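Two complexes follow with chain A in common, the first pairing it with chain B and the second with chain C.
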Partner chain A sequence: MNYADFINLAINGLVEGLVMALPALALTLIYGLARFPNAATGDFVAVGGFGGFAAHQLTGSLIIAGLGGAAAGAAAALLAYWLAFRPVIRRSVITLMLTSIGVGFVYRSALGLAFGHEPKAFDMPLQRAMRFGDVSILPADISLAALTIAVLVAVFAILFWTPLGRSLRAIADDPDLARVSGIRKERSMLAMWTMAGVVCGIAGTVSGMRTVVYPDSGWNLLLPAFAAAVIGGLGNPVGAVIGAILLGVLQELATPFTGFVYKIAIGYVVMVIVLLVRPQGLFNRVQQVR
Partner chain B sequence: MNHVLRLSACALALASFSWSAQAQSSTFSVGALTPVTGAGAPYGGGMSKAIEMAVAEINGAGGAKGAKLVLASEDSQSAPQAAVLGAKKLISVSGARALIGVWSSGESLAVIPLTNEANVLLMHASGAPALSGPPVNEKKLGFRFQATNGRFGRAFAEIAKRQGYAKPATMAFNNASGLGNTEGFAAAWKATQGKDIVASVVYEPNRPSYRSELQSVLRAKPDVIVTGSYLADTTIILREWYQSGVDTKWIIPGWAANADLIKALGPQVTEGIISVETVSNETAPSFKHYADAAQKAGINVQGNAYAAMAYDQAIILGLAVQAVGANASGPDLAKKVHEIGTPGGTQVYTFAEGKKKLEAGGRISYIGASSALNFDEFNDVTPDFAAFFIEKGQLVRKYVVKL
Partner chain C sequence: MDTYLLTIAVIVGIYVLLSLSLDLQYGFTGLINFGLAGFFAVGAYTSALLTMRAGLSPLLSFPAAAILAALLAWPIGRVALRLRDDYLAIVTLGFSEIVRLVLVQEQWLTEGVRGIAGVPRLGAGWGNPRFSEFFLLGMLVLCIVLVILFLRRLTASPYGRTIQAIRDDETAVRVLGKEPAVFKTQILMLGGAIAGLAGAFYAHYMTYIVPDLFVPLVTFYIWMAIIMGGVARLSGAIVGAVILVFFTEGVRFLRGVIPGVSDAHMGSLQLGIVGLVLILFMRWRPQGVFGSRGAT
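Right after this comes the complex of A and B.
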């Protein structure tokens, strides 16, 4: 092991973190507004991955694949909201979470039935890594990082610079006050689910391009994404992204000492430590009980 | 009204139960638990067809000792949980006396406690070493028709030696099968070459990336990497390896390096990969008999060695029932299967032939289509292996390795 190995590990961790960041962001957006951990988030990602894969097969264009993935993710999220979540939205968190687990099962099985369970790879030329001494960087990872940052900027722009974002934040802050101030909750909910779906869809397409697409791919992302969102503070978008990157990098950097089998556990050890020191997550303020 | 309905449903269930109890003497129920969907999907369809074919052949020859074989089928989904549900249904609802066509180690390890408990035979094509002896197979009701992962490892070592590799490394999926392959390889390499492998990594399933794992193996500059892996993780690993631009060769088990892998990655990435799979008993008359019928039934004879194994499972089961009768206990039946699957009797190649010999009185040995069987003390077979090289997107068979 020399310094270059550690830099390589850190880069790998950064890339894994960026892949996790988008689902973590979607999870936290939904939590912020609908106030429940959505276990179907990973499956929105998988639907997005297949949407992107299908669009790419039809057109061969990577941009259309991204748009197709985003559209599929948004459709999956909206459909789930209308058919499953809206009827029970006023019930307890447990009901909503169980509903989301069910929604996830339905999406996963539907994908398995429609596309089969074999992993599918995007038919695109593979680029070799750029080498700087012993450090190697993939051109594809630079585009992945750029795209992730672009999506984050777009989401933050919507949240902080538009009237829609203002109402979303108002509802997240205090739903009752928002309602008496004349903010229409239904419209905001639709916007939020669409946004979360688009983020998931892009995440699915991007991770599908880097690896493979299969029905369980999103489900496998769910727990790491959830841990990232918790580390950053559930409901806090900046926290989710930084939490994901932190988790990815720490996981990889720990491997020379713990071995590869335990690196997943490291992620949850980090989460436990963060929760012990700052139960509200790294980036949340302590909330008052109303 | 509801009450009446429920009562009549009960009565109906009872009636059908007593009917099946009466009918039991003239039928023998077999459960097919094949991987129709999931990771085993490329093989499961063919396995099901091969079992149907064998059962039809047995019943066509007048059944086994007067009993017709009745087949019930469940999809194991290549997943242990689904396999357990399927096995429960086959044993308790369909009354299966033997489960055949079980595929992966995960499924077999999950199902075997149930079959042992019910004194039902389990015939599988799994590689995990744990399925051999006690405690898992203490009752010896389990029969393995595929090579153990340890034997796969020995075949890998044989091929690596033959290709002239000197610095092998291993990558293993963290389960019984993956570890069995690479540990078997490392042990065989050490025994024949007197050297240790240069690096080994065990990785967790279902990760979006295996780049760090790969880098840690490549750091030792191996000339070949031997894997114990499955299709999804192999696809990701090979993609990341190709992108890294490092030159090395690969030896991969056939269930991971198959046509689906080539389809997913393309000919450029997969060029030169060595895929190792067991080969059927191609020179035996039983194989010809099987292959002719299998071709007609639309089974991929060359690409699906598991279908021949499933076929042999049904045939040898039929022969054992012919020998000891449909009402024999599970352990008696298992003893007979072991006897018919070991040398020492008159060699037979089809069910009809074996039935005739058994009726005349005397011991038979069934030479299978998948392998000569020849069960060892743990009911494990030792088939031959073939080294396939991927050339321009095609799996090309180069040579056969005998252990």
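Right after this comes the complex of A and C.
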């Protein structure tokens, strides 16, 4: 094990962290507006993965695959909002959380029934890794990381530079103040669920291209995404992204010592430590509980 | 046929214990435990390993299973219970997944995915296997009766009123000078102990345990059971467990009747039904099948 192996792991972790940042961002956005940790987030990712896979099968184009994934993710999120979450949105956290578990199960079941449980791989051309001494980088990883960064930049541009983003942040900050200021909550909600769905869908497509798509893939992404969002401070979009990238690199660097199976556990342990030391997350100010 | 009925009775009994555990935590105290399967697994593996590797009598291994599951609940309570309710859900869900990872990975102890075979039956030395199955059922029923009696006393006591007050208005309890996190941690441990006990019964009845028996779906089966049976009523736990077994057995029956359906498809269908039940009940009947409105 020399330094190059560690650099390789770190690069891989960086890409994984970027991919993980997308569902973590979706989770934290929904938490900010709807005030519950959405356990169906992972399954939106899986739906997006299959959407991207189907689009890629039909057209062979990677761009259309990304669009297909985004569309499928958005459809999954909006459908879930209209049919399941909206009717109970004013009820308790537990109602919303159990509903989100239910939504996740329904999507996973639908994916299993429609596509079967065999993992599916994107039909991608094999590429030689670029080598710099002992450090090697896959060209596909670079383009997927670039795509992910582009999506993140787009989401943050919407959040911080548009009127829509301003109203989203206002609702997240203080729902009552936002309402009396004349911000239409329903419209913002729709925009936010769409955005979360698009982000998840692209995450599904990207992680599907790096590995495989299968119905349970989303569930396996859920705990790391939770961990990343909690580490960054639930409801804090920037924190979620930084948390995910930190976690991605840390997980990969720890793999040689802990073994592959405990990868998920590392995120969990870091989350628990953060909850003990700084429960509001690394990047949040102390807030009043509402 | 009566072997089948016996199996059903034992499974109902184990689900009743799990439902009582979750009902104590969620129904009476308002704790969102999404990691019940983890405590269940710890109980099952603890008792199996203690009887097989250390040669302990089940008389000691069952309490040990309950105690270890309770002890594991303590740090979880320390971490999560001073925070908002939903953090407990995330932390417990993670806990149950980590338990499963440990069971898969630490093969020197748990045999990994191959699982532990040949867990001794209760009272195996005294007679034929039939006897030991009835003996286990008898002990299980006895245990359920004791747990129900205990919980009835507990929930009617001043302590019980405190935990229900925490569920209804945590701030009010704090104002009265009681620290809710302390009570919540105790309830989390007590519920963990009951789930661990259920796990011990499960291990010694099945005699073969693998990590896959303790997936998060099991946790949400029990959530489904207590929501359908009605939360915060001990009878609801029993009703819910019975409905749950009707459901799981019904699905198995259907798989036998409908030709050309694969196990994977049936598994997906089962998952989807659990999901739909959770969504529909939370929306339309959060008080359960037989509950009256306004109870929740």
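We take it that the second predicted complex is superposed on the first by the 280 of 290 C-alpha atoms of A that agree within 3 Å, B and C clash if a C-alpha of one lies under 4 Å from a C-alpha of the other, contacts with A are read in each partner's own complex, and residues count from 1 in each chain.
As a convention for this text, a residue touches a chain if its C-beta (ideal position, glycine included) is under 8 Å from a C-beta of that chain, and two chains touch if they have at least 3 such contacts.
If you're wondering where the values come from, they're calculated on a predicted model, not measured in any experiment.
> Could you tell me whether chain B and chain C fit or clash when both sit on chain A in the superposition?
Here the two partners, once superposed via chain A, clash with each other.
> Please indicate which partner A:Val261 is in contact with in the superposed arrangement: first for chain B, second for chain C, both, or neither.
both
> With both complexes superposed on chain A, which partner does A:Phe105 reach: first (chain B), second (chain C), both or neither?
In the superposition, A:Phe105 touches chain C alone.
> Going by the contact rule set out at the top, does A:Leu221 touch chain B (first), chain C (second), both, or neither?
In the superposed model, A:Leu221 contacts chain B only, not chain C.
> Tell me the contact category for A:Val230 with respect to chain B and chain C: first, second, both or neither.
In the superposition, A:Val230 touches chain C alone.
> For A:Ala154, is the partner it touches chain B (first), chain C (second), both, or none of the two (neither)?
Neither chain B nor chain C is touched by A:Ala154.
> Just chain B (first), just chain C (second), both, or neither: which does A:Ile137 touch?
It touches nothing on chain B or chain C.
> Is A:Ala191 touching the first partner chain B, the second partner chain C, both, or neither of them?
neither
> Tell me the contact category for A:Ile94 with respect to chain B and chain C: first, second, both or neither.
Second partner only, chain C.
> With both complexes superposed on chain A, which partner does A:Leu14 reach: first (chain B), second (chain C), both or neither?
Neither partner.
> Of the stretches 19-27, 109-117, 163-171 or 181-189, which one in chain C hits chain B?
The answer is stretch 109-117.
> Would you please give the residues of chain A that touch chain B in one complex and also touch chain C in the other complex?
112, 116-117, 259, 261, 264
> Could you please specify the touching residues of chain A with respect to chain B in the complex?
5, 8-9, 12-13, 15-16, 19, 112, 116-121, 123, 126-129, 131, 136, 138, 140, 207, 210-212, 214, 216-217, 220-221, 252, 255, 259-261, 263-264
> Along chain A, where are the residues that touch chain C in the complex?
36-37, 39, 84, 87-88, 91, 93-95, 97-99, 101-106, 108-110, 112-113, 116-117, 215, 223, 226-227, 230, 259, 261-262, 264-265, 268, 271-272, 275-276, 279, 289
> Which positions of chain B touch chain A when the two form their complex?
37-39, 41-42, 78, 174, 201-204, 206-209, 211-213, 215-216, 219, 231-232, 235-236, 239, 242-245, 260, 264-266, 268-269
> Hey, which residues of chain C end up touching chain A in the complex?
Against chain A, the touching part of chain C is residues 26, 30, 32, 34, 78-80, 82-87, 89-91, 93-95, 97-98, 101, 104-105, 220, 223, 227, 264-265, 267-279, 282-283, 286.
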